[in-house]
Structure formats: C-alpha cells, structure tokens
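Two complexes are shown next, each including chain A; its partner changes from chain B in the first to chain C in the second.
Let's turn to the complex of A and B:
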C-alpha cells in the first residue's frame, strides 16, 4: 500500500468475488496473485463466466496458475498496448452484469480503468488491487506527453525534456499523475533525482 | 486562515465590480483578444465532456441575458421562440441562431459565449451528491489545469489545496453548493498574487511565467507585484441542473493598492502572517520577504476595519 496522500490519488483495495454475470480480469505481472487469491474465496464455477487478460511482463510468471483457474477466456499479451483493442471490444460488447477486476501495477490499473470509464462504467464499481511496482505514468502539464514507468523524483519528461516534479495529483481520465516543471522559476536549480517510486 | 466567505450574489454599488452580476468592464475587448490568443496556442483550455452540451446552452442563455441587462449599449439579445439573435457591438458580432441547435453556431454553446465573456468558467455536473468538473473555459487561471482536472469531483480537483480538507472546508462548501437554487446565485472572493499583470498563469505555461518571480527587487515591488482577486460566483443552471462557476480575475499593482492606506496596512499584515503552507501554495515564497519589507513601511500600526464585508 502506498503512504497516505491527497484525495485525488487512487486508493486500491483487495479483489473479492462480486455478484455478476461476467467477470473481466485485467492484470499484469504479480497482479496474477491477486486473482489467484480471489479464486481461493470464489464460489464454485465462478471462472466459468470469466475472461482474464494478462500481461506477464519480463518475468513471464503466473501464466500456468491463471490457466489452471479455467476461465472461459484467457489471453496473454506482450504489453498493455497490445491488449487494449481486445479490452475495448470486450467492454464495448459488454452487457449489464459485467464486473471488472484490475490488478497489478498502477499503470496497468489506471489504463484499464480509463478504458472502462470510456465505456461508461462507473469507477466505484470497479475492483482494484495494487501489486508490484509503484512506477508512475506521468502527464507533463506543459507538453501533455505521457512518460511511462517513472521511478524517480524529479523525473525528466520523455517528450519535451523539462525536469518534472511528480505530484500525487492524479487524473483517472488521463490515467496519469501530474508532472510540473520543478525548476520553472530558475532553471539553474537542479535538484538530485531520487528513486522513490519502485 | 480560511473562511467560508460565501454570500448571496446580489448587485452592489454603481460603478463597482458588483454593479452587475456579470461584470463587463473597460478591459473587455483586450481580455477577449487575450483569450483568443491563448486558445489558438492551446485549445485544451476549453473542453466539454459529451454530456455537458445542454449545460453549455444554459450558460449561453445566462451570459447573454446578464450582459444584455447590464450593458444594453453593448449587447442586445432578441428572442422569437428558439430563433435568437445576439448582437455584441464591442466585438462586432451579429449572429442569428437556433437555441439548442449546435450546428447554427460557429462553436459549441459554452465556447461561443465564453469567447465573449470576461473570466474563466467551470460548469459542474451535479450527481451522486457531488459536483463534477465536466466542462470549462479556463484561460486566466491561477495555476490549475482544466485539461488535468476535467472529469474530477469536488474533492478530487481540490486535492492539492493544503490544510482545508482537514478543516472540513470542502465538505461544508459542497453542501452549500449542491443546494444553490435557480435565481439565487452566491459568491465568494479568493486571492493570490501575480508578478506582472498576466491573466494566463496556467501550469501549462509555468515554465514561461515562473521566472518572473525571480525578478522582484525592493525597487520594482510597486510595479511588478499584483494582488490578484478572484470573484467567484455560483449559479444553478435551469435545464441541466448543473452549476456554473465563473471565476473573474482582477489584478491591481502594489503602487495602485497602497494609494488606500488602509489596504496597504491590511495587506502587509496578511502577507506577513500567512501560514507557510499557504504562502507556498500561492507561490509567494520567493519574493515574500521583499514584499513584506516594502509594505511594512506603509504600516504605522493603526487599526484596520473589521474586514470581511466592511
């Protein structure tokens, strides 16, 4: 769990089986463990109506554990971007009774949440559980470019190169934290970067 | 430190900023040109989520009615059912359109009318017991980003404000705002300081205006440092049940402000005694000492008036 912060910063919970007709899981890396933990509490036959979209990442772990749950649909993809068209189509074709569950890194949860919001699903009805890296997606407020997997404070914008203070202020719509030039008033001030989002 | 300084938005003395509920002043044309320049450079300053079009029409009606009421020499609105004609003489506009039909205006209704109205405008959707920042025209802001905050609820977009959450300010303010009635607008004032008379102190352009804060010296305080007062008003919109929240910015330089000795005394004490968190949030830290020193020479220690409302 992240330290207590400001109100716009997302708060994550623990996945638990919800009443519903279909269960859509989106997870990356250790997010798979949140799904297998949920499975231990789920009623029999729960995964017969489930679709799991999983991005194992570099470690490549947990695929067998998820397949063993025997979901109706299982997809393994190399990146969130590659999974996104499938996720969007699933959401677009969904009916009442679909329950989304998102687990893994903040970037994964945020971007899957963004796709669900765009499909008209209320964010409060989405289950989330954070597992793994605290690396942040950061929108540069100046050039609007998004830098992925930011671990340092401050961080350099990968688009315009400004040195950004990574705030806790978070936009669900953008699935990103806000980055604001840390030395806008005097560029000669260059605070050292510390790795704090791991 | 904080006050929930909300009062009914009713007309005030002739010649004041409150003579009309929507103030049109001598800066009208230049502020509208400034807005057009900002939008040309950054169109994301004006955004409206898809469900907010009706609220945009509500706002168009409100601003046309109020501006025509307050300044009939500049603005004329004539209506025949949904066939409307709007004449804006200072900007040379004479448009006929069908109210409710977006294809009859050159922009969406919110953008159309707020390109012709001074101040920033946020339109808030009311649902789930909360207010959601779902549309806005924001080109003269004190360091917050509509592009980032659009879609957030009342607590989320205020998240970065220090100390006020803990004091319950936002819970009380939300309770008040969700109960605003049609025809009974309310208002409050907010303030900060700006170096040089810039309207656009957006985070988007912080790397452009931020260096101004390093240029304050004892010699130029009076000319460079401006008190920035925001007149915020809150209006219920009749069709959409949204709330529109105009934020009108007024700037006065220190040399002008201290022509009123009582203002000089009060501002000296306010800036001197402001809690550190607030001074940081308002971005004063870099020049605060210089400003306090300059103002202190104009404070003979005599009492000020009672303050709010006086």
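Let's turn to the complex of A and C:
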C-alpha cells in the first residue's frame, strides 16, 4: 500500500464488485490478483458481462487464473501502449452502466484512469487497487519527457539527463509524478540514489 | 436571521394562470435593482404573511438564469396542503409586496457532464425550466423526459417543445404512455449525469433503477421538497431558550419554533438540505419523520429531528433549541 502524503497523491482502494451492466478490468502483473480476489466476492455470473484487458509483464503470470474466470472478453498485450487502442475503443462505444476497475502498478492505473477520464467517467466512480511494484511514471518538469518505471530517489530523466527529485505531486491529466531537478544550483553535487519505489 | 437566508424585498410584477392547477408568479426588486444571479436548479423561500401566520415555502426558480430582472416561480395548488399554495393562488396579486430569500441551489447541474439526462414528473418540471435555459445558452447537451397526468396539466410542455423540439419527450399518464426507464438509462453515453425531480415515488423508482443499472451515485441528482404535512397539534419544550410551544395542526415545527421568537438555521424548508437538524433531548411518543436528510438509522435512533417537515405524536418532546 502506498503511503498517503500530499493531496494530489493518488489513494487506492480494494476492488469490489459494483452493480452494473458491464465490467471493464484493466490490470498488469500482480494486479490480476486483485481481480481474482474480487471474483471470490462477486455474485454468480458477474464475469459474463466482463471484459479483462491484461498486461502480464515480464513474469508472464496469472493469465490462466484470469481466463478461468470466463470473462466475456479477454485480451492480453505486451504493454499498456499496445492495449490502449482497444481500451479507448471500448470506452468510446460504452454506455452508462459500464464500471471500470483498474489494478496493478501506479503507472498502469494512472494511464488507464486517464483514458477513462477522457471518456467522461468521473474519477470517483473508478475502482482502483494498487498491487505489485511501486515504480513511478515521472514527468520531468524541465524537458516534459516521461520516464517510466522509476524506482530510485533521485532518478535520472531518460530524456534530458537531469537528476530529478521525484515528488509526491501527481498529475491526473498526465498520469505521472512530478520530477524536479535536485541539484540545479550545483550540478556536481550528486546525492546518492536510493531505491525507494519498489 | 437564519444562515444563508438573506432576504430580498420584492414586489409581485405579474401573476399568470398556467392551467387549472398551476399559477406563475413574477417578482421584481422593490428598489428596481437587478436580482442576484442564480444557477439552474436554485430555489427561493417565499414568505407568505397571511394575517397572524407566516408560512415559508421553497419554490424552484424557473426563469432563465441569464435574466435577473425578475424571478419566476410556478405554484401548484394543493388543496390538501397547509394552505401555502392556496394563499398564493387566492391572495397574491400584482403589486403585492413580499419577502423572499436569496436563491440557494441544492440541485445544481454538474457541468463536467458530457450529457444531462433530465426526468421530470408533474410540477417537478420547474427547476428544469431554468436548467434547460442555462444549458441551451451554452450549447449544452441535454435531453428532457417529462411525465404529466394529462396534456392540459403538462405545465410548460408546449413551451419546452417549442424551444427544444426533439430534445423534449412527453409522456401522458392518461394515454398510458410510460418512460421505458431501463432502456433509457442503459443507452446513455459514458459521462452522462441524471437529474430527477417529481413526486417522491418517481424519484425513488429512478434512483433505484439507476443504481441497479450501474450509475454511480455521484452521477444521479435529485430534488424533492417534502411539503410539510399537516397533523395533530403537539407540545414541545425548547430547552436552550427555555420556552414551551405548541405546534398547530397547519403549522410546521420549524414555523412554531420561529413564531416563538427562536431562529434556527434553515435553507430549503423541504427536508433536503440538513440545515435545520435539531437534537432531541428527551421524548415520550413517536416521531413522524418526513425528511430526506437523516438516515433510516438516525430516524430510528430518535435523537434527531428535521423540524422543517417532521412532526411528533405523543406526550412530551424536549429539543435542544
């Protein structure tokens, strides 16, 4: 569970079955476990109206467990980017009564949330559960480049190379944490990087 | 003076019968200034000074929020009610000086919505008159479904049809026309917000179906002013001000408290805003809760009452007022 700090820092919950006509799940890696935990609490036939979009990641686990839930539609893809067109298409054709559930890493939740918000869903109507890595998606405030899967503090911007302090300040619009140059006064001052977002 | 209920001195500038049950009243400021701006869904509390008694009833503003030269309300005559609407119908004429509250909005549009789906029943049409005018001015996306008993009681149905054409759909009870609610709710695009105003049975039905069909609570907005019901008179002790009062048959508990010179807060006088919530110190008897504010559990606890709409039956009641 991620610590709560400043107000823009996202707070995640625990997925629970909602009343609805369709259920859209987007998950990566261990996020699958949040779905199987939900399945244990869900009424019979719940997954007959469900669509699962899953990004297994490097370990490639949990696919069989999700398929065993017999969702109406199941998709797995190598990355969030590859799943995004499908997610957008699904949202564009959806009606009120579709309930989104997002589970897994913060990067996945944030980006899927962004797609859902663009489709007009209010963020308070979206179920989220954080599972697995605490790695952050960080936007460098200087060059605006996004660095994925940041686990250290400070971290190096993969675009402009500045050393960034990764703040808790989170942008829902960008689905990214803010990274600010940590040694702007004196670039030769290099604080040691600690792995804190695991 | 109660919180949020700053008063406006107005004069009735026009009285227009709309159909056999509904009459429209227009108000302007006595000093000739513009009235305060409001947003669609807002209401004002109208003070009706009827000889010795003062009744205060909430009415939705139905004019366009873009025009603040006058406020308009529509009052449906309720022959079984406590007389507020009858007073308006029988006594109020152009030139009558009245006092109304500043507008308060407990039923505002969520302007982040992609689409606004509105369901009105009967006189519940009035807040939508203002909301549709507000949305139409900004090119907002809305659809209004309006159920009325008969065509002649379809207050403003003609005006709305004329203004918005196919965006308005009418259903007449006497022709057995019914909203296909489940189909309507399930065919709305993502990002739609639902607004419902009408009789409480209709509001309950729509809210239940919306929840069952997966509409998140924050997308469902409703307004129902419970009119205070007449009932058997009862005695109340106001512990803080040290007064003993009697609530008359046609009086609400809130009105009786006010008549005793105690000024509790209120905004809606219809059991929805929560402002008038009052603690019960002791009681011997039964509460008749009519509000939409307290939870069922709170109703059962007998520790709180909403004096704007709720009553009491029994030997004694002591309130923290």
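One rule holds in what follows: the second predicted complex is superposed on the first by the 198 of 198 C-alpha atoms of A that agree within 3 Å, B and C clash if a C-alpha of one lies under 4 Å from a C-alpha of the other, contacts with A are read in each partner's own complex, and residues count from 1 in each chain.
We adopt the following convention: contacts are C-beta pairs under 8 Å (C-beta built on N, C-alpha and C of every residue); 3 or more make two chains touch, one makes a residue touch a chain.
In this text the structure is predicted, and so the values were computed from the model without any measurement.
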Do chain B and chain C fit side by side on chain A after the overlay, or clash? fit
Centred on chain A, what angle do chain B and chain C make, from Cα centres, as a multiple of 10°? 60
Figure out whether A:167 sits in contact with chain B (first) or chain C (second), or with both, or with neither. first
For A:142, select first, second, both or neither according to whether it touches chain B, chain C, the two together, or no partner. first
So, A:95: does it touch chain B (first), chain C (second), both, or neither? second
Once the structures are superposed on A, label A:86 by its partner contacts, choosing first (chain B), second (chain C), both or neither. neither
Which partner does A:20 contact after superposing on A: first (chain B), second (chain C), both, neither? second
For A:178 in the superposed arrangement: first (chain B), second (chain C), both or neither? first
Using only C-alpha atoms, work out how near chain B sits to chain C after the chain A superposition, in angstrom. 6
Listed in rising order, the residues of chain A that touch chain C in the complex are 18-22, 91, 94-99, 119-122, 124-125
Per the touch rule above, chain C residues touching chain A in the complex are 112-114, 185-192, 211-216, 218-219
Considering the complex alone, what residue numbers of chain B touch chain A? 44, 145, 147-152, 155-160, 165, 203-207, 210-211, 213-214, 286
Chain B partner contacts - residues on chain A that touch it in the complex: 6-9, 139, 141-142, 144, 162, 167-169, 171-174, 178, 180-181, 184-186
